[in-house]
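Look for chain A in each of the two complexes below; its partner is chain B in the first and chain C in the second.
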Partner chain A sequence: MSEGAGVEVKPSSAGAGVVKDSETSEATRQKVVTPEYMFFEAPRERAFITGSEAAKEAIRRANVDVAISYPITPQSETMQQVGALWAEGYVKEYYRGEEEIGVMSAIAGSSRAGARSLTATAGPGLMRGMEVVASWPGGRMPIVLLIMCRVINAPLSIQPDNAELAYLINTGNIVFHAENQQDFFDYTLKAFIISERPEVTLPVAVAVDGFFVTHARGYVMMPSKDIKLPPRDPYHEAVPVMDNENPPARLSRDAPIQKSNFISYHVHASWQQEVWAAVERSRKYIDMYMGGLVEIVNPDAETIVIASGSAVSQSREAVRQAEEDLGERIGLIKIRSLRPFPTKELRDACKNAKRIIVPEFNCVGWLYRDIAAALYGHSKAEIIPGPRVFGGISLPTEMILQYIFPDKKFVF
Partner chain B sequence: MSMDNLKISPALEKYMTKEYRDLVERGPYGKQKKVSEMGTFKEIIEEHPMCAGCAMTLFIRLTMIGLPNPEHTILVGTAGCGRLALSQTSIPFIYGNYGDTNAVASGLKRGLEMRFPEQPKDVVVMAGDGGLADIGFSTVLHSWFRKEKFTTIMLDNEVYGNTGGQESGMTERGAILKMAPKGKKYEKMDMLGLAKTANVPYIVRMTVTNPTRVASVVRKAVLIAREIGPTFIQAYTSCNIEYAIPTPKVIDDAKSLEAERYGFQEFISDEAKAFLESIEPKKAKATKSTED
Partner chain C sequence: MNKERYNIRMAGIGGQGVVTASHILSNGMVIMGGESTLVPFFGSEKRLAPVESYVRIANGKIYEIGEIIYPNLIMIFHPQVITHGKSYTMPFYSGLKPSGVVLINSETPINLVADEERELMERNARVYYLPATQISREIADTDLATNMAMVGAVSAIMGIPDLPSLEQSVKERFLGKGFVVSGGTAALDNVIERKFAKKEQLLKKNMEVIVAAYNFAVEHGWAKVKDKVQA
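Right after this comes the complex of A and B.
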């Protein structure tokens, strides 16, 4: 264990070859910088890389202690790349777990040990590990979970579809939805810092749509790999870690919590309320580090498209086409953070909207429901559920334009 | 550092309860207590909500005495009767999800080793037969195959006691229990054999009839886990409620099962044996696959 810089061979799946001395020493030479320097001040260079590679490059700079992997398409590449980082000495501890319940549990163990902990999964893997993932917030465990969204229902399919997020957003985890490779790089790095803030102390999930982002290349501006984030400080978090170096959290100490009586109900209820209050308290860091929970384009438009993930990219293009080809200014709201949800931001931005269109990459329309609930009584706009694609279907801009201009006829 | 956490701030001494002061002044921390000294020191667990006469409770008490380094030990458990007592110990206890113990312990142990390379931190899983052999089967076996350095103790009462008496994988064939109303149709799972297959370097089957031996086995298991690899203790800790054992007969039942089919077995690998001899040359006299 803890072989760190001394390891000689990369996992074969991450590309054959022996790690050169120069690579391990590069890892040991990494300089710790402040999050602010890493996020805003460090000079950045442009790379043309896949989403999986963007995740790898973020993790290289994230000062990760423990990473535990398990393969599932379309995530596998990311965690095997993290294995390569471990072999190079950028990650201190790494292994391939037995399956997702095992992995999500082990990551909970390493987080409780005070180690900065990371894993990644996709679709069925997230659903399999969901019992554990849903328990992380109550354990107040800082963890970063990367999710490469994929079909979860039968017939089995590996294609992109983000229905799984409908479950995740109701667990008390903080959830970001990255639009592209650049987002995936930035959100992943920032997730570690937000997760470990004392008043937050919660797991953060960073989701992207599988294949569209993970396996496609995009331009990513990145700071030098010679710098890394400061290490986790487990003694400045909401709940003490279980390392026997400080009085432990007694989450399950007192019998009343586990019994059926009024004390137990109230203890549990207040604990849940505190978890969701902590989710809300992460807002100021999302504002500070990520430029807010939403990005708004053309705020004065009567028709607004609201989306998250790769649906934003398609919507952005549809909005450009509407303006350039059809002479109509359409608004666009990109939701970066699904939890906390930008309720206030949406209410402010949609005050004068007449029509709202919610394109999604899933069958159930979880984003539409959240938006409708947030705007109910606060906007007179007609909120249109769709367009939606799922099971791997792509979202042509014409489909979005058809929803924006119902009287026109688009071919797609 | 952890001993400092236990100590009472002088200004607060007069406000602390007698029980807590006893724990600090007469507890087992920093010194290996013996079973024969029970009654003369403050135990890591005293009060608990377990049923009267519960063999599992006795086993847990003895386990706590056997721990070589309680001030640097973290317990991991799961749903089941045992956690009701484990959560009352003055040792950090992680009560996770269903069947997750050995995965949690894997991550915990590796994280602690990474953070404290100089200070051994012992991780001990204590869970029931259902928690380890049924729902936790995958994480248990994989932790063994991965050679994770912690101890797994199965509190084997051969039934789902906490949920009200359902048959488990460790129930004997033929037993009539809830969810096996016609009697269990299959054999008790051979977890000891599986541990051997996984090359677990220290494997013990035992009951509560010999208290000194319980503490000694736990001590060996934790020390071996620290240096060599995973260790496994499978202990018969009867459920006197679900198996209708009269409270005064709990130890008699354990004795008769011991004679019948649950005799003491201790397997130790050569490497583990050599390690024990290196740290305690006189005491280490573990025998290979003894059965009596």
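Right after this comes the complex of A and C.
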């Protein structure tokens, strides 16, 4: 790393067609810096902004070639702002697709063509696009998918409830769950770099609970908008770019099932094993760039709350109240990465735990299931499923305290 | 400073400035050096429709997000919230913490049914009736400063944010930049601004209403603070 504003990285010649802007525009004056400089060294200033604005600011600095999406509450605000970034020249191509299957397919083409690709959706939009989203990892497509979680089940609601992640985490996509506006900014920027590492070459979804984060303001520390990440280098990835004679393009164009079921089974098995191995290989970059798959508070406590997303914020306050008002130290594990899942980290952290509480913003309890599976045979702790809230209401800290202290009365 | 925090649920009807009041209280706390978050909650944006707003006030770090289910303080901006059920949260005191405060804008106590009286008593609720609209009319010659009276009484009852911070917050609300207001609110702001002709006059009247309600709370022994202040 050189002194000053970071190392200049030579732009690659690849990527989508560059829209030449005026030489004097701010976007064209953005300087390329190394990911390390962007993430750790660049001076940061504090802003009080919504989660949607935090995502916009991350995208401004992410050197994005193509952004395609279809609007859905609560995602619309973010992608509308990405449109503004396109008008200012920070994003090279941008358009509104006709619906999510089309959007997810279009962005897949963009990624396979070598462009740094971004899309975003929410709840029902993710479910609609899931057919294509589930095929991205096998296509070895570096894509960043922002998800602003929203109710997917009936009765209809636009409120934050993250049941949709139960489906996404089993597709081979890397999935991060941001707690707040700061996370949404940081994870989004880092997702591009992790997604495009040669030994990863996979889509990365950055999920956040809608409204609570997207439409509420929080403090975000951000580097200057005069710098941006280096462009995608599609010639140093796991599979060839723009080459229809090699996998994965060849595999979709000329599917093995057309030859023989047995060839198909073998190809599928080895291909998916490699996808999930690539998910695991992303760990080292999550450790390097994001400070690990988990954050642990009060590791020696007997009672530990394990959560992801907005449930972490609620748990932090419950843990604070337990300590300051009731004199009890409670542990807290924030899960940053849902895929890869922090199995080893949880086994280490929960060795001495007696009770584990898993608050969630959905009715299915997908995080509880993963935690119970990871700890089975590795912890003697009682793992308590809940508390949970349904339909997008906030999870009151009183409910978490009620689970921590079952003999006291917190909920009226 | 001691660690202090409280959570508010405000309920009123469209056009009363419930959301504006929550911005002023919230920003007042930030100006005082603390933290605050707010979540407005309304259906269709029209006059007389139910509006709620949730505000967290703290002189330390705030982590939680979303609506407040178990408030320490409930502010009822209009008697019809109780008498006509113009609210998203029924009964009006649902979730109130033990020894919590209910501040109701009404000149006279509202006749509650026996169950409501009993449940409020079981929670050891402190129910205060503030003639906020009357104070607003007497001092500012308009109903539109009702929300200012409510905010002023809260400052006295809870102790934070203090009056100088609230004054700065009111200034920023009507003179400053950075506040995103809805179309309906912007129209009402214009009505207020026309009515007072000059913004300076508007600020002065608003502050007088805030101080009068603050002193009303002190006089009635509701307040954490002991001393009345001069406008």
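Simple rule for what comes next: the second predicted complex is superposed on the first by the 371 of 412 C-alpha atoms of A that agree within 3 Å, B and C clash if a C-alpha of one lies under 4 Å from a C-alpha of the other, contacts with A are read in each partner's own complex, and residues count from 1 in each chain.
We adopt the following convention: a contact is a pair of C-beta atoms (placed from the backbone, for glycine too) under 8 Å apart; a residue touches a chain by one contact, two chains touch by 3 or more.
Because the structure is a prediction, the values reported are computed rather than measured.
Residue contacts after overlaying the shared chain place A:Arg369 against neither chain B nor chain C.
Contacts of A:Glu93 after superposition: chain B is touched, whereas chain C is not reached. In the superposed model, A:His378 makes contact with neither chain B nor chain C. Once the two structures are overlaid, the count of chain A residues touched is higher for B than for its counterpart among chain B and chain C. When both complexes are overlaid on chain A, the residue A:Ala106 reaches chain B alone and has no touch with chain C. When the shared chain is aligned, chain C comes close enough to touch A:Ser313, but chain B does not.
In the superposition on chain A, A:Arg347 makes contact with neither chain B nor chain C. For chain A in complex with chain B, the residues that touch the partner chain are 1-2, 65-66, 68, 92-93, 95, 97-99, 101-103, 105-115, 117, 131-132, 135, 242-248, 251-255, 258.
Interface of chain B with chain A (complex): residues 1-2, 5, 49, 71-74, 76, 83-84, 87-88, 92-100, 103-117, 121, 138-139, 142, 146, 149. Within the complex formed with chain C, the chain A residues making contact are 160, 180, 211-213, 216-217, 310, 313-314, 316-317, 320, 324, 393-398, 410-412. On chain C, the positions that touch chain A within their shared complex are 3, 37, 39, 62-70, 95-98, 123.
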